[in-house]
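Below, chain A partners chain B and then partners chain C, in two separate complexes.
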Partner chain A sequence: MSALAEILFGGLFQGSLYAMMAVGLALVWTTIGVFNFSHGVFMMLGAYIAWQLVEFGLPAAVAFPIAVVVMAGVGWILQASVVRPLIGRPNIVLVVVITTLAAGSLIENGALTIWGPRSKQIPALIDGNATIGGVGVSLHQIAIIVITPLILAALWMFLNRTRLGLALRAVAQNEDASHLVGLNVTALYGLAFAIAASLAGLAGIFMGGYRFMSPVMGSDPLLKALIVVVFGGISSISGPIFAAYLIGFFEAACSYYFGLYWTPAMLFGVLILTLMVRPEGIFASRSRGLA
Partner chain B sequence: MTDTTSPITQIRTAAATPIAPGRTPWKHEAVGFVLGFALLALLPLVFGDTYARHILIMAFIYAIVASNWDLSLGYGGVFNFGHLALFGIGVYAYSLLTKLAGFDPWIALLASGIIATLAAIVVTIPILRLKGIYIILVTFGFAQLVMQVILSQSDITGGTQGIVRIPGLYWFDHNMVRDAKFAYFYIALALLVASTLFLRVFVRSRAGASIVALRDNEEYAISRGVSIVRQRMLTLAASAFFTGIAGAFYAAYQRNASIDVFGMSLATIILSMVLLGGTSTIYGAVVASFVLTIFAEWMADFGAWRPIITAVLIIGVMLAYPSGLAGMIRSAWGAVAGRVKRPA
Partner chain C sequence: MNPILTVEGITAGYGRVTVLHDISMDAGRFGNVGLFGPNGHGKTTLLRAISGLLRPKSGRILFDGQDITGLSARAIVGTGLIHVPQGNRLFPDLSIADCMALGAYSPRARPHEAENREKVIRLFPKLAERWRQRVRTLSGGERQMVSIGTALMSDPRLLILDEPTLGLAPKIKDELCASVMDISRGGVPLIVVEQDIEFLLELTQQLYLVNHGAVATEIKPGESLDHGEIMSMYFGH
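Then we have the complex of A and B:
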């Protein structure tokens, strides 16, 4: 019973964090058709900005939303500086990989220079602990498990029910037609990056609440988000969300039964196997489009 | 060149301008090749101190890795992000073969190249059906998988501790340690010459033309009888051999192996060498490796600012000249000669 509860809890918790990260990656991929390798750095930066605001004396309830908004701005700026000028170039996928990697290294080293290598921690969303089904958990983790689906549902509503969200999906489906009906495509590109960056920043704030932060804290979640996105199919928003929780459970079960050391190797083995059998991902339809 | 308006001149210069790689007459290229590397061979006469030679040796190793990456990434159009894993496999293959299995260093060096080639063939199998971004993800996954396996087998590979006191190379009775890296310099240079020669001959051959054809127009190339399975395997295998040997040489030279060779930072540096040099040139990657390695050393005083400056420069060059330094030189040359239009 306790084993099951532990796997269930661990899977839900990790899955929530992966889903927050992966959705941003998928959003940028579907709308712009590039892969953002500075996504992990967004996560780190969001956490550090929140830490800095809390350090300034702001209460967490004020500091966290401000950090998320600031991250949206950072995402927009990054898109405008290293992605937008390259749109239309023949080898854009490859060049954007290197420009976002370089931008990531820039931000990472910038954070290292500003905040130093010492690990930091930001306040938890809710303090305290609880015991559920024989497993001791912190209320912070419970809060993440509850809040993440709400945010993802809000994102889904935004993409499916609002004019702006529909415009974003229109760009994802057919860029030329979106131009023709008068959508501001460059602004929508910026919006996709801004949403992705703020989601990553929020994931960073969540993570900084229960684990020590460092300037390289984003690289491992980026890697996991990559797996999630490949696994769930890169061309949708719902696919990565399902895949995130599935991988969360898989990882929790693996580390419970086989130990932490073998988990990443097994995860990558499953990933490569999935791609050999179903290159478009297990939850994806064959077309490129959102939701 | 004042008579550029003359149609005859235009036709002649258009024919003499290399439009695609491989158009330069091979005799011209051979002369340039020999002159270029002869110049490099004279460098130890100028740089007598160990440290300068060490920088040059590292530049040679990076040049081998980057130029071989250019074969799969640039010519083949295969976004192989597991290239550094092949280098890492070379490092660990050499270390384990010499230290645990007691192989002769030179045989281990060769065997490392072969092992890296086999690994490349294995990683090609899952990507045969894939395109673009999916290849990036699978090969990235492959690199992580190799790293995880090495980490988890820590009783053999040393895990995060790495391997130390790896046997170095030897050259008859020559003392490899007290010659101010004289011997290692020439071994590294010889490997770079062999690798570059191999790559240039390969890309100028029919096989090279067929992989470029697959990159530029896959359907048409297949319809003309080019096998994507065979050519993709050939591309990755060919790009792996000298990469593995470079890894082995790196291990022999440094005399230790660490898991850092699989890290993102090394991959980013080597990738920026490939892209900064300009893809599908081979020479571009070699030159960019020298430029970046020496530049990084020159900036050593900047400390923490070094990676920041490097990142800004990479972004700047990529935004201004997406075809890299080769494109920059080409357009500068065009502006000077006033005969080649600046690429749009």
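Then we have the complex of A and C:
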């Protein structure tokens, strides 16, 4: 019983973090058609900004939202500086991989210079522990499990029930036609990056509340998010969300039965298998579009 | 009548390739305008330059007296100059309802959204039956109706149609031609690119033969031509 509870809990928790990261990657891919390799750095930067604000004496309830909003600005600026100028060039996908990697590296080393290599921690969302189904869990992790689906549902509502969300979905499907109905395509690109960066920053704040932070804390979650989007299909945002939880459960089960050591190898095994059997991802339709 | 659109000496192209060479034309002096000519000679490029998808290298475009050269496509949509691109690619994974909402996105069109929606449904009753269906699941003719419907939602003061009947079966084509005539009778001036000369002769009052990125011939009302003469313009003598 406690084995199942542990896997279930671990899966939900990891899945939440992966979903938060993967959705941002998918949002940027579907709207702009580029892959953002500085996404992991967004996560780190969100956590550090939150830490800094708490250090300045702000309560967490104020500091965290500010950090998320600041991250939206960071995402917008990054988009405007290293993505937008390249749009329309040949090989845009590859070129943007390089520019976002470069920008990510700069930000990562900037963080190292500003905040130093020593590990830090930010306050948990809720202090304390609980025992559920014979498994001891922290309330912080419970909070993440509850909050993440709410945020993802809000994002889904935004994309599917608002005019601005409709505009974002439209840009994802046909850029010329979007221009011709009068959409501000550049602003929508910026918005996609801003939302993605905010979500990544929030994931960073979640992570910084239970694990030690370092300037390279984003690279492993970025890798996992990549696995998630390849597995779930990057052409929608619901695919990666389901995939994130599946991968979360898979990882929890693997580390329970086979140990942490084998888990990454098995994850990549799943990834390779997916690429061989269904290269567009298991939840993907064959077209690009947000839904 | 004064022209609603004037194109003065536009030169434009893609990268180093120049497609339009100092092309001039106008629309609205006699009614609807038809553009015809061989493929790959700049008709679509001219439309893209007019609607702001492509920035001309030189020349001037005036819409209703306002200089719109170099304005963004969004700003041009805001003036009421609406362009329906070729090939009804549109938004494959959006529903018809979504497309209509997008058509009414510009602040100019939004107040008239409900009234324009009624107009579109009256013109294309078929769309109402499939209102929540994704565009990719529709037939070619229906997709073209969605394209034109979306443009009507933008409350056009001038409507540009790029080969609206391309690839359609004859019966559907006739239906669509009738709808386009309806739009014209409803008071919206048109610029239409079309390979079907019969349709153009019926719909438009002023014709331009576009060849090698320039206007080869302008045909004004009273200079009506028969089918044979136009064919010889197309294929040379």
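Quick notes on this one:
Please note the rule applied: the second predicted complex is superposed on the first by the 291 of 291 C-alpha atoms of A that agree within 3 Å, B and C clash if a C-alpha of one lies under 4 Å from a C-alpha of the other, contacts with A are read in each partner's own complex, and residues count from 1 in each chain.
Here, a residue touches a chain if its C-beta (ideal position, glycine included) is under 8 Å from a C-beta of that chain, and two chains touch if they have at least 3 such contacts.
Predicted model, so just to flag it, every value in this text is computed and none were measured.
With chain A as the common reference for superposition, the partners chain B and chain C occupy compatible, non-clashing space. In the superposition on chain A, A:166 contacts chain C only, with no contact to chain B. Residue contacts after overlaying the shared chain place A:264 against chain B, while chain C stays out of touching range. In the overlay built on the shared chain, the residue A:227 is in contact with chain B alone; chain C does not reach it.
When the two structures are aligned on the shared chain, A:66 is found in touch with neither chain B nor chain C. Within the superposed three-chain model, A:99 lies in touch with chain B and out of touch with chain C [touch as defined at top]. Of the two partner chains placed by the overlay, neither chain B nor chain C lies in contact with A:132. Once the two complexes are laid over each other on the shared chain, residue contacts for A:91 go to chain B alone; chain C is not touched.
In the superposition on chain A, contact of A:272 is made with chain B only, not with chain C. When the two complexes are overlaid, the chain among chain B and chain C that reaches more residues of chain A is B.
The gap separating chain B from chain C at its narrowest, counted between C-alpha atoms of the superposed chains, is 7 angstrom. On chain A, the surface touched by chain B in one complex and the surface touched by chain C in the other have no residue in common. Every residue of chain A that touches chain B in the complex is listed here, in rising order: 29, 35, 81-82, 85-86, 89, 91, 93-95, 97-99, 101-103, 105-106, 109-110, 112-113, 219, 223, 226-227, 229-230, 234, 261-262, 264-265, 268-269, 271-272, 275-276, 279. Those residues of chain B that touch chain A in the complex are listed here as 73, 79, 125-126, 129-130, 132-134, 136-138, 140-142, 144-145, 148-149, 151-152, 264-265, 268, 271-272, 275, 279, 304-305, 307-308, 310-312, 314-315, 318-319, 322.
Interface residues of chain A, counted against chain C in their complex, comprise 163, 166-167, 169-170, 173-174, 176-185, 285, 287, 289, 291. By the touch rule above, chain C contacts chain A in their complex via residues 51-53, 72-74, 77-78, 82-85, 89-94, 98, 101-103, 105-106, 109, 136, 150, 154.
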